[in-house]
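One chain, subunit A, appears in both complexes that follow, with subunit B as partner in the first and subunit C in the second.
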Partner chain A sequence: MQTDVYLIGTGQTRFGEWWGKSLKNLMGEAVDAAMEGAPCSALDIDFIVVANMLGETVSGQAHLGALASSFLPHRPPAIRVEAACASGSVALHTACALLESGRAETVLVVGAEKMTDAPTDAITTALMGAADGELDAPSGLTFPGIFGLIAERYMHEFGLTREQLNIVSSIHHRNGVSNPFAQFRQEIPAESIGASPLVASPLRLLDCSPVSDGAAACILSTKFPGKFRIAASQMSTDTVSITERPSITSFSATKDAVVRAFEEAGAEQNDIAHLELHDCFSIAALLALEDLGFAEPGRGIQWYEEGGSMTVNGSGGLKACGHPVAATGVKQLIDIKKQLTASGQRWGMTHNFGGAGATCAIHILEHAYA
Partner chain B sequence: MQTDVYLIGTGQTRFGEWWGKSLKNLMGEAVDAAMEGAPCSALDIDFIVVANMLGETVSGQAHLGALASSFLPHRPPAIRVEAACASGSVALHTACALLESGRAETVLVVGAEKMTDAPTDAITTALMGAADGELDAPSGLTFPGIFGLIAERYMHEFGLTREQLNIVSSIHHRNGVSNPFAQFRQEIPAESIGASPLVASPLRLLDCSPVSDGAAACILSTKFPGKFRIAASQMSTDTVSITERPSITSFSATKDAVVRAFEEAGAEQNDIAHLELHDCFSIAALLALEDLGFAEPGRGIQWYEEGGSMTVNGSGGLKACGHPVAATGVKQLIDIKKQLTASGQRWGMTHNFGGAGATCAIHILEHAYA
Partner chain C sequence: MRTPDSPSIIARAQAKRRDQLLEGTILSFTTVTHPPKGFPEKPRTIGLIELTNGKHVLAPLLIKEGATPAIGHIVLPRMMLSRVNEQGLRIYNVAYELTERVRMPEEAERQKFPGYILALTGPSGVGKTTISKILTHMLCDFTAGVPIVTSREKKEGDDNEYQYVSVKEFERLRRSGDIVSWTRIPSDTEDRFYGYRASDIASIWKEGKIPVVITEMHLLQGLATHFGRRSILSCGLLPPGHSKRAMLSQLLHRMRTRGRETEEQMQERLTNAKADLRFFDESRDLFDHILVNEDLDDVVQTLKGHVLALANV
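Entry: the complex of A and B
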């Protein structure tokens, strides 16, 4: 970062099924929670970036920037950004640019999604908007299908077994037990993952992150210093269609973004104490660990089998926390802040992608007093 | 602007009914056209901002940033932004911040919309996503209805007659005749405007901008200097719901943004040689002229009755050019560049809003050699 950008306020709703709350209600709750602990007043917010993917299709509501702006008495300028499931972290990236440009000194980022009002088939179709409508969708593929293909190919290439894959979701669920904001807070034994209903072979129900409602908000500032600094904000892009990739067991956007993120932060893999990665499906967690450089290709599972000094999805990840699409990237940063506060460590990383890794955004948070 | 941002490339599709072209096709055409005349190569583009509102609802396609990125061989990072009908200019604003932050040196902005694939009732419903789903939509209001109320109230307050209002669309259509990219290129006499079918009293069919497909692209750069500089990029926000406004015959977001835009550019109303304003409905043109400070409240019609040294919607505006929602703000900047080139004048302005003026973005373009 060319200018020091601090994370000075955080707040979120619990993720889950919030039938009685609208997208606006959820955003409002997260904003209130973020403002509550922040050292600035509402009037210090001079720009708002809202992340959202499904507002138009599920709630008939676009124009969420202006809608969120009405939460604050002076209604600062506001925009909405979208990059499918990476929308939240892409909003953080946009906020960083606004701050570094000097156009804003304190920016509110809100990621929000309302999904459970729509039936599963409608949500599955709407989520396919993250894929290429001309190259991927006509085949009948859905995202569980796409990641099923990825898992199948990964097992073929690297010999990963179904029993090994079971461990991933099981550990994420175990981590989620102590997170009061997680949608699911129960332990699920590895055997139960493999015994859950088949969704898209080899992926089963408990390999998949759930459909969720929720919102998360972060306040970033160059004006109010704090203990947490955004040390890197990088994003990268790959083909949207998986049909145009040389490989589907590695995401080049992740590999590209992480190199630039470490360069920007002046840190390296060994420095990261806490990682929140994008486990929309269990297999995606293994690809992420490998593409981020924490494991060799095909060896991501070792992190789950053997553990390590770095915590991975200590919050419970998308699997246990829930995945209200555009809220996820924002919520990951909140969790890293909590984990660094608890551990006293210096560096944490968030990894958030959209589609089958077509957009990847990575943030590194530095705990200044560590 | 803290850094000089130049407009170095422009291109668009003709706006209209493009049943044989997808959103991706339209974006591609506009990008090719913008690249063709630009002094940079495709590889110089280091960020893409796509503006789009209706991709998910009409085309089932989100994630348009990554999709547009695939047009370029190196697939630069890309995001999509949305602020209803102001999406295009809000994308330009976001691009300016990215450039001023130093994170990018050359940014491609693409505004694109595909509307004619959906039936009118579906488009009308989707466009209501720009209003407040909890406060405006339940009344059964549509945007023609909202602007019908505004026109009714304006006539009541200021004594504007139906005959006077007829002149607005008639002049925009006359201007559009010479624009090869306009959807409608025929003159329409003022009497025909007032004789067209009633849509939402007192507004008639020819008071309304049409449903359109189209795309427009601009390349902005801090690295490649050019003859055209973005002298100001400002945006402002008002309540989304018209039920929360003290007045509906004036838009405070426009008034606020224009003050800051003139301050940023170091210019004033008398300097502007060409104005492209947001005439989604004829009545909106009168509000805009007044809120921008070019006319006293209630006197906007005088610009159309008497003319002036400044050209207003020389392109034909939204009425004659068509209004593919998110393409409009980008296309307005292209038209101002053309007009400044032709006239040799120094300053031009674009005025683009979303909803009933809930988001307003204003750009001032300076012709350096004038």
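Entry: the complex of A and C
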């Protein structure tokens, strides 16, 4: 980082199905929560970055920058960014760039998504917007289908069994029990994961993160120092279509971004105490652990089978917390902050990707007084 | 909310469709239980396929009943009605049909190899039974006919090539997995099931002989799926004739001469024979040799050569 960027305010709505709350309501709730604990006043916010993917398709609402700006009395400049499921972390990355350049001193980042207003099949189609419209979508594929292809291939290459895969969602659900902001707070035994209905073979319903409403907000600042410093903010991209990649059992965007993130932070894998990774589907968690360098290719499942010193998705991950697409990347940073506060450890990492790993953004948070 | 599908979007997406009309290998596959809006509302199996030109494509897989896709299977392109858009435009796209060929390392393939089966496939009346009888008689030390389990009534002119069971019993054998390959010949006059038992084939292998089976398209595919395509020495038998019409008239002539069927049954068999002839065109990969039964002796001699080669004599 060119300059020290601190995370000085965080807030989120509980993720879930919010019948009575609109996209705007959700954004407002998260912003209020973030402002409440921050050492700055609303008037100190000199830029807003909004992350959202489905505003137009589900809520008929575009122009979200100005919409968010209207929450603050002085109407600061605001933009919206979109990178499918990576929108939230790309918004954080954008905020870091604004802060590093000196364009802004305190930036409000809001990730928000309203998904449950639309029927499931409409959401399925809308989410396919994150894939390649000419190369992927015409086959009739869905996003679970894309990860079904990845899972089938992964099982073929590395011999992962259905029983092993069951453990992933089961552990995420167990972690989610203690998270008051999680959409699902009940334990689900591993056998139930494997017995849930097929969505896209070999993936079953409980391998998939749910459709959710929710918003999360962070305030980043170079002006107000705090205990938590953004030590690295890196993003990388890959082809949008999986047909243009040599391998589908590893995401090169994750690999690229993590190398640069560790370099920027001056840390390495062993330093990370808490990791929030992007488990949109159970299989994605295994790919992430491997691509991030925490496990050898094909061995990601060992983290779930044997455990380790680092916590993985202590919040419950996307599976238990819910996955309001653009809110997820912002919410992950909030969870890492909470985990570092609780454990007193120094380093935590978030891993958030969009599409089938076409965009990946990684943030490393340093607990400065640890 | 639908997949964007104005005619211009579809035309652009399909511009390079021609490049996809190539053989490919399955890299991965998935069955989507609920395809997106606008696609037929039934589970859709989609493959990630590596074409022979090195490109990867995503496309639906066409899977015949009883077959299951697997990574490494070779697929062939077919045009298929993909969906109908909101304006009623029928959109055709390239889909891929499963073949029984598998691209896998020689070694792994050899480990799974159970033994050879000689399969004779062809339309009714082409002479499969006659050839099989001559061959198994002439080479009784090397070959043995596999009894066909059938639910049809015993008929005059049947030799001991059939084992007759009730439809109920056939169903039971099929469900228990004893019958590994089976077919139902469409018929208005009777309910006819035919199949082969794995135990019959295995006991012939045990004697050190090559089982000889008489098949049609479903039986052949079933055997190839169960035992692996490499296990089947597959011979297609065609009646002489330069056109399909000439072949069909040959078959009708032969059926009349042998006098085993009624006129009604003959008409049915002729309809089935048309489908069989089409199968020869469409599924060439399922055949090692195509023989024209113009001269019985020639055909038998050719097959004898193949059998003796396999028997390492």
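Just so we're on the same page, the second predicted complex is superposed on the first by the 370 of 370 C-alpha atoms of A that agree within 3 Å, B and C clash if a C-alpha of one lies under 4 Å from a C-alpha of the other, contacts with A are read in each partner's own complex, and residues count from 1 in each chain.
As a working rule, contacts are C-beta pairs under 8 Å (C-beta built on N, C-alpha and C of every residue); 3 or more make two chains touch, one makes a residue touch a chain.
Remember, predicted model here, so these are calculated numbers, not experimental data.
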Tell me the contact category for A:Q332 with respect to subunit B and subunit C: first, second, both or neither.
neither
Using the touch definition from the top, say if A:V199 reaches subunit B (first), subunit C (second), both or neither.
second
More subunit A residues in contact [subunit B versus subunit C]:
B
On the A-aligned overlay, A:D136 touches which partner chain: subunit B = first, subunit C = second, or both, or neither?
second
Mind working out whether A:T116 is in touch with subunit B, subunit C, both or neither, as first, second, both or neither?
neither
Between subunit B (first) and subunit C (second), which, if any, makes contact with A:R153: first, second, both or neither?
second
Partner chain(s) touched by A:T13 [first = subunit B, second = subunit C, both, neither]:
neither
Applying the document's definition of touch, where does A:M128 land relative to subunit B and subunit C: first, second, both, or neither?
both
So, A:H63: does it touch subunit B (first), subunit C (second), both, or neither?
first
After superposition on chain A, the subunit A residues reached by both subunit B and subunit C are 57, 125-126, 128, 133-134, 137, 244
Which of the residues in subunit B end up touching subunit A in this complex?
2, 22, 24, 53-57, 59-63, 65-67, 69-70, 75-84, 90, 93-94, 96-103, 125-126, 128-134, 137, 235-240, 244, 354-355, 358-359
Provide the residue numbers of subunit C that touch subunit A in the complex, in ascending order.
1-4, 12-13, 27-39, 44, 46, 48, 55-60, 71, 82-83, 93
Show which residues of subunit A lie in contact with subunit C when the two form their complex.
57, 118, 120-122, 124-126, 128, 133-142, 144-145, 148-153, 156, 197-203, 242-245, 248
